[in-house]
Amino acid sequence: MHESINSYLREILKESSADVSGKLAAYIPRLRDADENLQALAMVTADGQECSAGDDEHLFTIQSISKPFVYALALDDVGIERVREMVGMEPSGEAFNELSLEGGTGRPLNPMINAGAIATHHLVDHSHHGEHPGGRQSVSRTAEVRSRTSRIMEGLSAFAGRELSIDWDAAEEEYSSAYRNMAIAHMLKSHGALDIEPDEAVRGYIDQCSVLVTVKDIARMAATLANNGVHPETGVQVVSPEAARTTLGIMATCGMYDASGRWLTQIGIPAKSGISGGIIGVLPGQVGIASFAPRLNDEGSSVQGVAMFQHLSNELSLHLMSNQRINVIEELERRG
Amino acid sequence: MHESINSYLREILKESSADVSGKLAAYIPRLRDADENLQALAMVTADGQECSAGDDEHLFTIQSISKPFVYALALDDVGIERVREMVGMEPSGEAFNELSLEGGTGRPLNPMINAGAIATHHLVDHSHHGEHPGGRQSVSRTAEVRSRTSRIMEGLSAFAGRELSIDWDAAEEEYSSAYRNMAIAHMLKSHGALDIEPDEAVRGYIDQCSVLVTVKDIARMAATLANNGVHPETGVQVVSPEAARTTLGIMATCGMYDASGRWLTQIGIPAKSGISGGIIGVLPGQVGIASFAPRLNDEGSSVQGVAMFQHLSNELSLHLMSNQRINVIEELERRG
Amino acid sequence: MHESINSYLREILKESSADVSGKLAAYIPRLRDADENLQALAMVTADGQECSAGDDEHLFTIQSISKPFVYALALDDVGIERVREMVGMEPSGEAFNELSLEGGTGRPLNPMINAGAIATHHLVDHSHHGEHPGGRQSVSRTAEVRSRTSRIMEGLSAFAGRELSIDWDAAEEEYSSAYRNMAIAHMLKSHGALDIEPDEAVRGYIDQCSVLVTVKDIARMAATLANNGVHPETGVQVVSPEAARTTLGIMATCGMYDASGRWLTQIGIPAKSGISGGIIGVLPGQVGIASFAPRLNDEGSSVQGVAMFQHLSNELSLHLMSNQRINVIEELERRG
Amino acid sequence: MHESINSYLREILKESSADVSGKLAAYIPRLRDADENLQALAMVTADGQECSAGDDEHLFTIQSISKPFVYALALDDVGIERVREMVGMEPSGEAFNELSLEGGTGRPLNPMINAGAIATHHLVDHSHHGEHPGGRQSVSRTAEVRSRTSRIMEGLSAFAGRELSIDWDAAEEEYSSAYRNMAIAHMLKSHGALDIEPDEAVRGYIDQCSVLVTVKDIARMAATLANNGVHPETGVQVVSPEAARTTLGIMATCGMYDASGRWLTQIGIPAKSGISGGIIGVLPGQVGIASFAPRLNDEGSSVQGVAMFQHLSNELSLHLMSNQRINVIEELERRG
């Protein structure tokens, strides 16, 4: 990576670091105690060029950023028709009910809200997967939870291009106070929208959220979606082009919760945020982008991360609705 | 236009004509009495190449397809901040209240629903515009309605690249039974979200919806959005690049009402439909697409038009989330 | 009336006057400019004994307190089946949509909210009534509005036991800014839930709300409901026993808007409040109670009036769920 | 009991038995397999006179009919302020969200819906109660669940005037598929509206619903509410007059779910139904009424029970809004 690019990225980090508003996620100790001054930014183009800056080796739990990737895996595992039968594709708009389940059917409105993500999680096909080796999971998890977690770890690792691992302590901690997710899973079960026991679904879903990643990992995962499902470096076809495309459509309309409309309009990069402070964005055919900074706004997205994306959208015209596609690395070099 | 392209487009029309389900809009005689076998398809690329087939000279009222264009005009006239103060940017999701006004503020959720379109209509700056010349409007419209309609006619004509006109009879007919729009305008007024009298807003908004267009007109209008606000043939900068981009973001998330999520995911072309049977779609930097066929599905979109867009998305990989941009005309020639 | 009773009532007025919180209704000048220190309380038993204190001759517009009485008239005029077809009987609970129309049908949830009261107003049979004589109404009202207003004036006058009149200036003032009611009436019309033009319904409804009454008038009206529809003094059967009973049931469940449950539980007197500062309460077979004091709480009910009802409920055990019925006048004498 | 009364009651049973529409509750085998031709009716006056007919010795699980009684116990145990802090008093109206929790606070809207009943259950003071002796509960219940169930059994037994017992098999069966109640309890917990673990609350609540009663038992329980909290035969003050009154207010506004408004208007007897086929009604100072017949309408209330109540309301003028109170037993004798 050219020094000029690096200095440009550091400039963005510095600029965004001015805003120290927002708060760490409070609901589990591990997130509450994070170092709130960490910052990182990474980009990986669809043809495999990379750049990054800041705390780009820091490991954090992936949380909700896992949602689009597991959705893509489920699309390929059981087919789009089956997935759509169980999980809708519509934005939830202004939160109009506690759980964002579709009136009548009880089907979650989309896979980016927790109800939809839990339903999606349990659709992933675990039948051909053994039990994941490492860690403490063997004690309190059923065989089915272990094999489903194993399948998801394989899939997420392929998206990242390296073998990822789970923070089992974080998973335990979160499971012990997962009342809201347990409520959601029981409600899904009561509507016939879950084939397994609610606590198994929540256990597995929390394992999925506890996968440890760096900002570079999630930038590569995003780049794989930008590149029609093919990892730009390993060349592995992780998911089908159709699954990648469908997932990006969902990210565009539902990825940033209640602010999805404004985000797509003003920033213009299909995205997904996580409560540990990460955000990924994808411009199809161009680039995967990832930011990390733990302070969150009221909607649960990273304050400084939003600022970084806003900067990239404004300055580099990285916007889905722009009439031209730029070569990001060249453009960064030019500006650096 | 090469004959090969023409025959390919006719093929699409023929294929889609097989589905004769759906019904004409029933609420005003003029729409109810339309010829339900009409069909047309047109495409205009961002660099000005055109092709079309079917009843491509048939004039119909633009209806809701006017919404994104008037929104773009308002963005430039009064600025995005002022527009956002009055009209939100979020999808309305599953219809959760009668009027889709934001809880608390009473602000319409987005400019693609009627409440938002009426509020947007009245934001357009009419101050420097005389009264529009032609037609019967002088009788029952106030001076302010006339000058606002005049401003909007200028703007829509610039988007189309030719002088458009209004079907005054259709406008009268619709106004005489516009109870729902009158309810919306009065509710906006009661929330302080309308600066003019409700019946003036509804009168002007119905004029806007009664502009006569062909499928080629609206394909050129769509192409102007695809080309950063510059008409691909006249070269006129009709709206700013920012206004074009913002409008496309809104179309992507809110354009197809309650089915916007599924549309963006499965068809992948930011779009807007109208109750007279038109649909426009825009792929930024690539192409503006327009279909016309009057039978409507339950959501109020053209049944055969949806089929045409589905065909183009599937066959030509015209999808916003595709990793490559194709030259549509070349591709059509190749296939023709 | 015994002096002892009078002094007891004055005591209640004095006690409640301590709370000067709350504000006058602001939306029309006539209400905004009322004397906020006025206070009155009146009771009329089912067998015709009366007592009152304070500004009991002060005339104010009846506003929403007209709703239960016009509902009772409509029940007798067109029958409970027809009324129920057009207006529901269920509490609106926590306001969950702008207009409290039933999902699907568009039918107003109950006759105590404005949507239901406007629909109820237009159900009253005006066919056998001439045009009401007095006042300025002849200028801007259609013949149908005039005859419906005439019928309602006859009915309300019979409930009160004297000929009532309308404050035409107040009605004009209110009509000129009745955006919300106009929105409601247009929405009803668009759902097919109104047989006349929206502005006629609103005009007539506002006339109904502008009837001038004293606290003694509305106490007698309440007593007529308490006495199975028979005026306790004139002996006239104003409405049928069934209409009176049905109306009291609606007042019990829907009379105090969003606080109806708490009101019935803690005060226990089926009631209806109006924005000009009145509240009526009815204990079947026992007594009609009326208070007047113009300062309103956030829910639009009289602050001091609520305090007076609370006092009567607590001290005299006037509570629908009490296991004994007391002779109010005797009890007041004993305590005076 | 006079033979004449008995024959009158049998007449009512016979008349209502004509309607064999409706279905047994399907969600647990024990309810699904009930004998659908059972029928019973009982009345107990506030001064302790009794009459009954049909299968009046048949034992069934009390289900939701336990809700008002446990609410009354909680009011006395921890005070109305504390109860109101945790559980609202407003009807839920047209079901507008999955759980009927108040927007913002997450507080259940009222104690008659499951969310409110579970929250109310856990408020009952269990601190001075040992573990309930009988049954299999010792195996899978925590000490706190056992002592809370013990307290509730004491209270319900006092309301009935005899020692009641629990159908432990029914409780086990229901607990094993209580997904919806588990969802509710977890959601309450996530809002901080539950002080104990969700599964403890659900376990105890299901125990409460599994208490075995006859139609005579619940008529006596209802009569105790009608008599200001004093059992009309044992003379025990089971709950305070205030708790009885408050509970009746809640039954009047929220007792019959979405049809509460129509029920209070047309039948006029504050009531509560249970899914096993019982309905109780209370006219304060007059009578407690109970019916039993297992076929349910779409709202989950007994079809034949509703018919019996409608008959009593129409024929005997047993209506809360009637202007006179009748002596039910005398009236029945007269008619028998």
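By written order: A, B, C and D. Residues from 1 in each chain.
Here is the rule we go by: contacts are C-beta pairs under 8 Å (C-beta built on N, C-alpha and C of every residue); 3 or more make two chains touch, one makes a residue touch a chain.
Being a predicted model, the structure only gives us computed values, none of them experimental.
Undergrad: In contact with chain A and with chain B at once: which chains are those? Just list them.
TA: Under the touch definition, chain A and chain B have no mutual neighbours whatsoever.
Undergrad: Could you compare the number of C-beta pairs in contact for C-D with that for B-C and name the larger?
TA: Between the chain pairs C-D and B-C, C-D carries more contacts.
Undergrad: Over half of the contact pairs shared by residue number: find the pair among A-D, C-D or B-C that meets that against A-B.
TA: Interface equivalent to A-B, from the options A-D, C-D or B-C: C-D.
Undergrad: Could you work out how far the Cα centre of chain B sits from that of chain D, in whole Å?
TA: 57
Undergrad: Please compute the C-alpha centroid of chain B, do the same for chain C, then give the distance between them in whole Å.
TA: 48
Undergrad: Could you please state the distance in Å, as a whole number, between where the Cα atoms of chain C are centred and where those of chain D are centred?
TA: 34
Undergrad: Residues touching two or more other chains, restricted to chain A: which are they?
TA: Answer for chain A, listing residues that touch two or more other chains: 96-97.
Undergrad: Make each chain a node and each touching pair an edge, then name the shape: line, ring, star, complete, other.
TA: ring
Undergrad: Considering only the defined contacts, which chain D positions touch chain C in the complex?
TA: 46, 88-94, 96-97, 102-103, 109-110, 226-228, 241, 244-246, 248-250, 252-254, 258-262, 264-266, 268, 270, 284-285, 319-325
Undergrad: So in the complex, which bits of chain C are touching chain B?
TA: Touch list, chain C to chain B: 96-99, 101, 179-180, 182-187, 189-190, 198.
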